[in-house]
């Protein structure tokens, strides 16, 4: 069982390594979206630090959704998704493996870019630390719920936009707790409450979404 | 063919695509060392039948049993002993043929080392392009990579949907050889094809899906099935 | 048990088509009657609120709409779960038939919420916990309907929509909690719409009557829609053919 | 609780815009849905009938 999960994750990592272009576009998308806001809101550091949490988190949502629409699409197009569904292992592990692989490929780098952008938004040190922590705990939610959306919209025309329409409302709790953690630190209130709620939401999605995504895959592949 | 040896058995199977019922009340069974040749016009449900047999699709009615147990509850055992080759090859273009084979082995739970993968590929005539990404290979060569994976998987039941498409004369001869070896060694095959196959001496079980295809005389071109009510 | 399931799966659409046809007028008329009574109470029986004057009368539309948008989503989630558990086509059709009316009520609760917020707080849109959750619930409705329209194969569309409804239903309470948490965090003790007017007896009865009117209306609308879907999907059967030839 | 006069009723204590804005939109929204339901039903019947004729030729 576990070997199959690790095989799926290693497979996706290898594929992503072979096609660095996709990976880079998603990271640059994140950076560019975030950099647009100061141009729109104005350079005043006090204002920027207040909106930093929200801006970075919304950009993380959009970057995740951008890369998720291709989570199953490439495998579906060349038939390898069918082969993986025909392996003796339950499809839940496939859905979980793909989601975790997506988190490692597209979620973790957001963590590393966030501090640079945090400085750009005049965030103090501790706020940047909490931002990274909230992204660490929050990005799995993006990949897990997103994998459900990707499975549901497999092979549909307008898949990317449809995926966003379906899944963005489900991201709201993660956005509120994640961005709230940064604001709480700025306000000196301390972000433990936000982070623990975010972690609870992450665990819940971890338990629910692989099953739903696997069922969605079986339905979409038929 | 006594029923007891039947490893794969289908009981009044019905299949629909969208709202159109393709076929109903289909019964057959297949034992080891047999090849089921599925024939019928376009759009009659040949591919749908094969997808039902793999368990990817669900039938409208009826049941498919593997070693006496329904697919739904014996899924893991069935998928361990079955391999499917559809219209798509199921290989990744970025990876080399060897990587594809070893990856398929990992996912099936039977890891394959470098040497076995290379031998499987050279046996099937891909010795020269072992370390090229599949992207650069021709469709026929990629088909051979998929076939090499099929053979290397060591599955008892092969489900092949038009395996000969895109293969040159040598390819077709090679596939016929593979089928003969597999079925001869007690393996089972369910396949569809429009090209004539030289499978003399093998236990071929024909199965017709939909009305028989009359030899189209110049006058009456049989109306394509998709528009029939 | 399995025989009843079989009946439910195959004979159900035909019998339900006839049954729904007979029930629709009853539900439609009772909805209209209740709505008339409710509006009468809203304007001619309910007293003026000492705090808000006449503006609070919007509550007779806003609260029933908000309740119904939430309730219809739960009914959709119920039919989705039944459909996925027993693979009964009819329950998927009911879920599809309810969504547009649910979305309409979600939109109405947003619209009337904004129109109520203006006199109360001086702003057309207020990020109050309930209003914001209704906004997100409206997005969920739109998402499900978009998914249904994107999938042509009815069988896949049913199951995909059902799965999305279920994962949405699991998230609705969490979204509501997180929005409430977020709301109190930013605005301190927010003035929630519910506490504002003292709930005189006539106001409560007025609201309940309007809610029942909305409920019966939703049932009638859903049944009309589901008959259309049944006919569309069963058009190859002979009973559907009779109906199509008959009219 | 009777209103003094119709004009007072429409004024609704100065909140006429909001109250009638809400009731008006609610009424029209429901009306539009009812009309689209009835028209939709007729449209579906016609479409299905056309498809049957096309298929049965």
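Letters A, B, C and D mark the chains as written, and numbering starts fresh at 1 in each.
By our rule, a residue touches a chain if its C-beta (ideal position, glycine included) is under 8 Å from a C-beta of that chain, and two chains touch if they have at least 3 such contacts.
Source: prediction; values computed, not measured.
Taking the mean of C-alpha positions as each chain's centre, the chain lying farthest from the centre of chain C is B.
Once the centre of each chain is set as its mean CA position, chain C and chain D turn out to be 16 Å apart.
Averaged C-alpha coordinates put the centre of chain A at 31 Å from the centre of chain C. Per-chain CA centroids place chain B at a distance of 56 Å from chain D.
One simple way to say how far apart two chains are is to compare their mean CA positions; for chain A and chain B this gives 38 Å.
Taken residue by residue, chain C touches two or more other chains at 155, 235, whereas all remaining positions touch fewer. Of all possible chain pairings, those that touch are A-B, A-C, B-C, C-D.
Those residues of chain A whose C-beta lies close enough to touch chain B in the complex are 3-4, 7-8, 10-11, 14-15, 18-19, 77-80, 82-90, 221-222.
Interface of chain B with chain A (complex): residues 51, 54-58, 76-77, 79-80, 82-84, 86-95, 99, 103-104, 106-109, 133.
Per the touch definition, chain C reaches chain D in the complex via residues 39, 43-48, 53-55, 57-58, 61-62, 65, 100-101, 104, 107-108, 111-112, 115-116, 118-119, 217, 221, 224-225, 227-228, 231-232, 235, 240-241, 244, 247. Here chain C touches chain B in the complex through residues 153-155, 233, 235-236, going by the rule given at the top. Taken in their complex, chain D has these residues touching chain C: 1-2, 9, 12-15, 18-19, 21-23, 25-26, 29-30, 33-34, 37-38, 40-41, 44-45, 48-49, 51-52.
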